[in-house]
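Every chain is named by a letter (A, B, C and D) in the order it is written, and numbering of its residues begins at 1.
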Amino acid sequence: MEILILLLALFVLSLFLGVELITKVPPTLHTPLMSGTNAVSGITLVGALLAAGSDGSPMLVNVLGFIAVTLATINVVGGYLVTNRMLAMFKRK
Amino acid sequence: MEILILLLALFVLSLFLGVELITKVPPTLHTPLMSGTNAVSGITLVGALLAAGSDGSPMLVNVLGFIAVTLATINVVGGYLVTNRMLAMFKRK
Amino acid sequence: MNPNIVNFVYLIAGILFILGIKGLTKPKTAVRGNMLSALGMLLAVVVTLLNINTVDYSYIVAGVVVGGIVGSIMALRIQMTSMPQMVALLNGFGGGASLTIALAEYFTVLGVAPQSFADLVTSLAVDSSAFGVGVEGTIALVAIGLTVLIGAVTLTGSLVAFSKLQELMKKSYGLPGGPIGNGLFLVAALAAVVCMVINPGNLVAMVTIVALALLLGLFLVMPIGGADMPVVIALLNSYSGIAAALAGFVLGNTVLIIAGSLVGTSGLILTQIMCVAMNRSLANVLFGKMAAGGEKIDADEIYAGKVTSAQPEEVAMMLEVAKRVVIVPGYGMAMAQAQHAVRELADAMEARGIEVEYGIHPVAGRMPGHMNVLLAEAEVPYDNLVEMDRINPTFEDTDVVIVIGANDVTNPMAREAEGSPIYGMPILNVDKAKNVVVIKRSLSPGFAGLPNPLFAMDHTLMVYGDGKKAVVEMTTALNQA
Amino acid sequence: MNPNIVNFVYLIAGILFILGIKGLTKPKTAVRGNMLSALGMLLAVVVTLLNINTVDYSYIVAGVVVGGIVGSIMALRIQMTSMPQMVALLNGFGGGASLTIALAEYFTVLGVAPQSFADLVTSLAVDSSAFGVGVEGTIALVAIGLTVLIGAVTLTGSLVAFSKLQELMKKSYGLPGGPIGNGLFLVAALAAVVCMVINPGNLVAMVTIVALALLLGLFLVMPIGGADMPVVIALLNSYSGIAAALAGFVLGNTVLIIAGSLVGTSGLILTQIMCVAMNRSLANVLFGKMAAGGEKIDADEIYAGKVTSAQPEEVAMMLEVAKRVVIVPGYGMAMAQAQHAVRELADAMEARGIEVEYGIHPVAGRMPGHMNVLLAEAEVPYDNLVEMDRINPTFEDTDVVIVIGANDVTNPMAREAEGSPIYGMPILNVDKAKNVVVIKRSLSPGFAGLPNPLFAMDHTLMVYGDGKKAVVEMTTALNQA
């Protein structure tokens, strides 16, 4: 339960930090921000890997895991690449 | 040890949040910021109370606790009051 | 691997995500920020892989390879004008991942899985304490249920948003009863979550949650108009962040909490920015249709006999003598893919010593920052892109404003017509300029479905035609002058 | 009381501290922010008191009453001009509190305490595992040792800073050997910490830590010049924050970690802001004397025969015909307590239709924001206080600049004289104005000890005298005109 309080504290602080940081992002970069945070939300890939790699579970679990890994990887790879493409355009000048 | 990682995470996030917030404070308010954070650092009062109120410890502990409570209270009360005095002046206009 | 090291690396990954977003606060540091964020993801993935004790990596490898290839192709092939669709699609995949992960977790703990469709309507006999005893077990089950719910809604909702933006789906369908119908659907899905928590072996409950949530995603988003999709996407993105943070609570994982909260706040803040820029409440975007006030205003009455049209060549003559020109792009520039042509026109003007700036409305186009990305693609320096609040005071000293494919964001009714559905939305005051040139294909309205009195003003010239073609003709004429 | 509730309330307190600092980012919300922060402190204290299981509250009550009375009197009596001293003193008390808390904790766990001075040189026979077994015990002991060290240094260091600012201590004394001597002292203190950790009953080690740390605080701060005290105070404040955060780690207490980190970053950022504004490195402030370049410049050579002085009445005549006047206050305004007089002069000018603004240098006075607080006390609206970067471009259009008690922050050598010790420090370019009036008591230098070529310029008039008196005379003359 003490851990729960700490996790809660971490959550609250992350929210505060999120607000401070995101409000500083200029409108020019709002589209890359959207695709970039979209890629970050692909952190669920971590959970997907655990599911796809679990031994001794019913096959269904591994199949679901495979689907999850595929979708999450698309999200992550696609998100970072497309964000990078956009941002590189901003950098040229 | 898992707790230690969580505390570390909390510490790091607080530092990030601190940087974001403090850099947003305008120069006009730097003096109140200094006295205000000074008051916040009086949070050690919490530790002082525990020391002053510990039963069955050597008398010396209670005496040290008394000194600690006194000093921390000066820090807290003085800090918040003087900050309030300064800020009230800014508010008038 | 030592779990402390794993946790520590996760924390580092979380810090890299923070640094990544910090980088996005300035165009100069943005690319590096994105890379730091990607590095954080890589770290998290690698340490997870090292930490898995499995004999069979085939599913993982297959998933990563397929996902990596599909993701790269999508990212490298997509046109900049289709960015809103791309984000919607990726978001949907993210939702799908959450959904399947939660399901996999569910069956892993159950230890058994249905062998045939018949099994789905039975209740598996399982040890209900498998998920943990007492409060802990309940929390774990609730988290699984909610993740399935949010994931499924995000999946289908994003796919609908994608179809609307890609113009695959044009009509709007909704549940009869609108918000109330949706509310009942949601309540039913939550009831199924409760059943599942009480009896975890109850497969029927789980199947019901999935089915209802998938349908709910469809019904929630289908009635919403295409131009409001960005708001929906930002909101769904925010949900997926919150879902990740929730999962972080269950697993006691720092990086999930940090990443999830960042994504969650980002989505909410973008949603709010868009709503403020449109002067509408979030509830109005999600459930309301645009107010019916539009019908009262008769387009013919506004336009009849007052609209002056011109050829690109005439506009070029006007530009020749101008000192300062502001270009105001909108959704039509994206549709016409005219960003490069616009840049060339600006170059031609600058070569003649004309001062050129771009006036960017916060919700021009179909997602926040949409115009900026397109113009950046055309290599317009971002210093020339001026935000609404800064460009508005300069219109009075502007000789010509070229409005290309923008409509609602220049509509003076937002300023003046109190009953109008867009009344109160801050706009670009292009009508204050000495001359206004509007490039669009017709007099048909923009997203808000309203006529635009700007088009009928004395100092406004309409240039009818596809945005790209018209701009190219202007440039040619100007260069020959 | 349920420890979960206690921890939860501590978290709420931490959030209130965050909201408090967030409030300080805008003058309008600052008062409320400070109150939220104070509320957080109250919550933390109350929940701690409720959670203490003690029969004897007398020490607590006594401490709170004495501390509360002393603190209130100090806060309500102090003059705004003495704010730097006040902060230094409060900071010292904070350090003293940390020191005594760590000592109390130490003796509590030992369970025995020395009964006489003779005991201090003995080693108490104690169970060395009292502080915890293995790594945990070591961490706890190290934390105690470091807190004692940092607390004691903060205590004496802040008291020295106070004495210097209050001008009780004017000379600078240091350890022979300067930084190296201090370094040796620090190493010795750390060695004592190690001894204490190895044998916790070793009272000699503890006494040594306390003694060395107290001396170190003295020796570290005594050599530093009075005007550099704000940097020292900010740094010491930052230390006390870090110490609190460290304590939070040991106790697993969220509010200590959050509050400590906020204070720590605040101190460091203010330190950095000051150093940047003075164009000096932190190391230079702490260990360096001002570069010796000052000697090369002969004050007489600069001033001889070129300084024009004037009476307040003559200045008033000049002001009568001015359109725009900028007032540049410095440390001398604080010394002369002239802020109200300055405000009245500005009122008199504004009554005549003259545009008046204040140019505020980031390190004018003796602490960051010093001038702002003084002028706010005199009810100058904060919109009239203009920061350096914004006021500098306006000097060319300014008819008269009134420099009152400022010196270094207007010294053109910082811009032009490459060898000068203040070369590179950004300054207020008052010399670009059409006329400059400097009010000070003599030609003696400011903190940096340098002559100021501004005083010898053709368009500069020196008004010798106490700041307040001179300004009052100007106002009187202007009102009679």
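Criterion: a contact is a pair of C-beta atoms (placed from the backbone, for glycine too) under 8 Å apart; a residue touches a chain by one contact, two chains touch by 3 or more.
This is a predicted model, so every value here is computed, not measured.
Novice: Tell me which has more C-beta contacts between its two chains, B-D or B-C.
Specialist: Taking the two pairs in turn, the one with more contacts turns out to be B-D.
Novice: What is the chain whose Cα centroid lies farthest from the Cα centroid of chain A?
Specialist: D
Novice: Approximately how many whole Å separate the CA-defined centres of chain C and chain D?
Specialist: 47
Novice: Between chain A and chain B, what distance separates the C-alpha centroids? Give it in angstrom.
Specialist: The answer is 36 Å.
Novice: Need the CA-centroid distance for the pair chain B / chain D, whole Å please.
Specialist: 16
Novice: Could you give the separation in Å between the centres of chain B and chain C, each centre being the mean of its C-alpha atoms?
Specialist: Centre separation, chain B to chain C: 43 Å.
Novice: So which stretches of chain A touch two or more other chains?
Specialist: Answer for chain A, listing residues that touch two or more other chains: 2-3, 6-7, 9-10, 13-14, 16-17, 21, 24.
Novice: Mark out which residues of chain D touch at least two other chains, giving numbers and ranges.
Specialist: Chain D, residues with two or more chain partners: 18, 252, 254, 258.
Novice: Among the chains present, which pairs are found to touch?
Specialist: Result of the pairwise touch check is A-B, A-C, A-D, B-C, B-D.
Novice: Quick one: which bits of chain B touch chain A in the complex? Just the residue numbers, please.
Specialist: Residues 2-3, 6-7, 9-10, 13-14, 16-17, 20-21, 24 of chain B touch chain A in their complex.
Novice: Quick check on the complex: what are the chain D residues that touch chain B?
Specialist: So the residues of chain D in touch with chain B come to 17-18, 20-22, 24-28, 30-31, 34-35, 37-38, 41, 44-45, 48-49, 52-57, 59-60, 62-64, 66-68, 70-72, 74-76, 78, 80, 83, 86-87, 90-91, 93-94, 96-98, 100-101, 103-105, 107-108, 111-114, 233-234, 237, 240-241, 243-245, 247-249, 251-267, 269-270, 273, 360, 362, 367-370, 372-373, 376-377, 379-382, 385, 387.
Novice: Using the touch definition up top, name the residues of chain C that touch chain B in the complex.
Specialist: The touching residues are 3-4, 7-8, 11, 14-15, 18, 252, 254, 258.
Novice: What residues of chain A sit close enough to touch chain D in their complex?
Specialist: Touching chain D from chain A are residues 1-2, 5-6, 8-9, 12-13, 16.
Novice: Which residues of chain A touch chain C once you look at their complex with the stated criterion?
Specialist: Counting only chain A, the residues touching chain C are 3-4, 7, 10-11, 14-15, 17-19, 21-55, 57-93.
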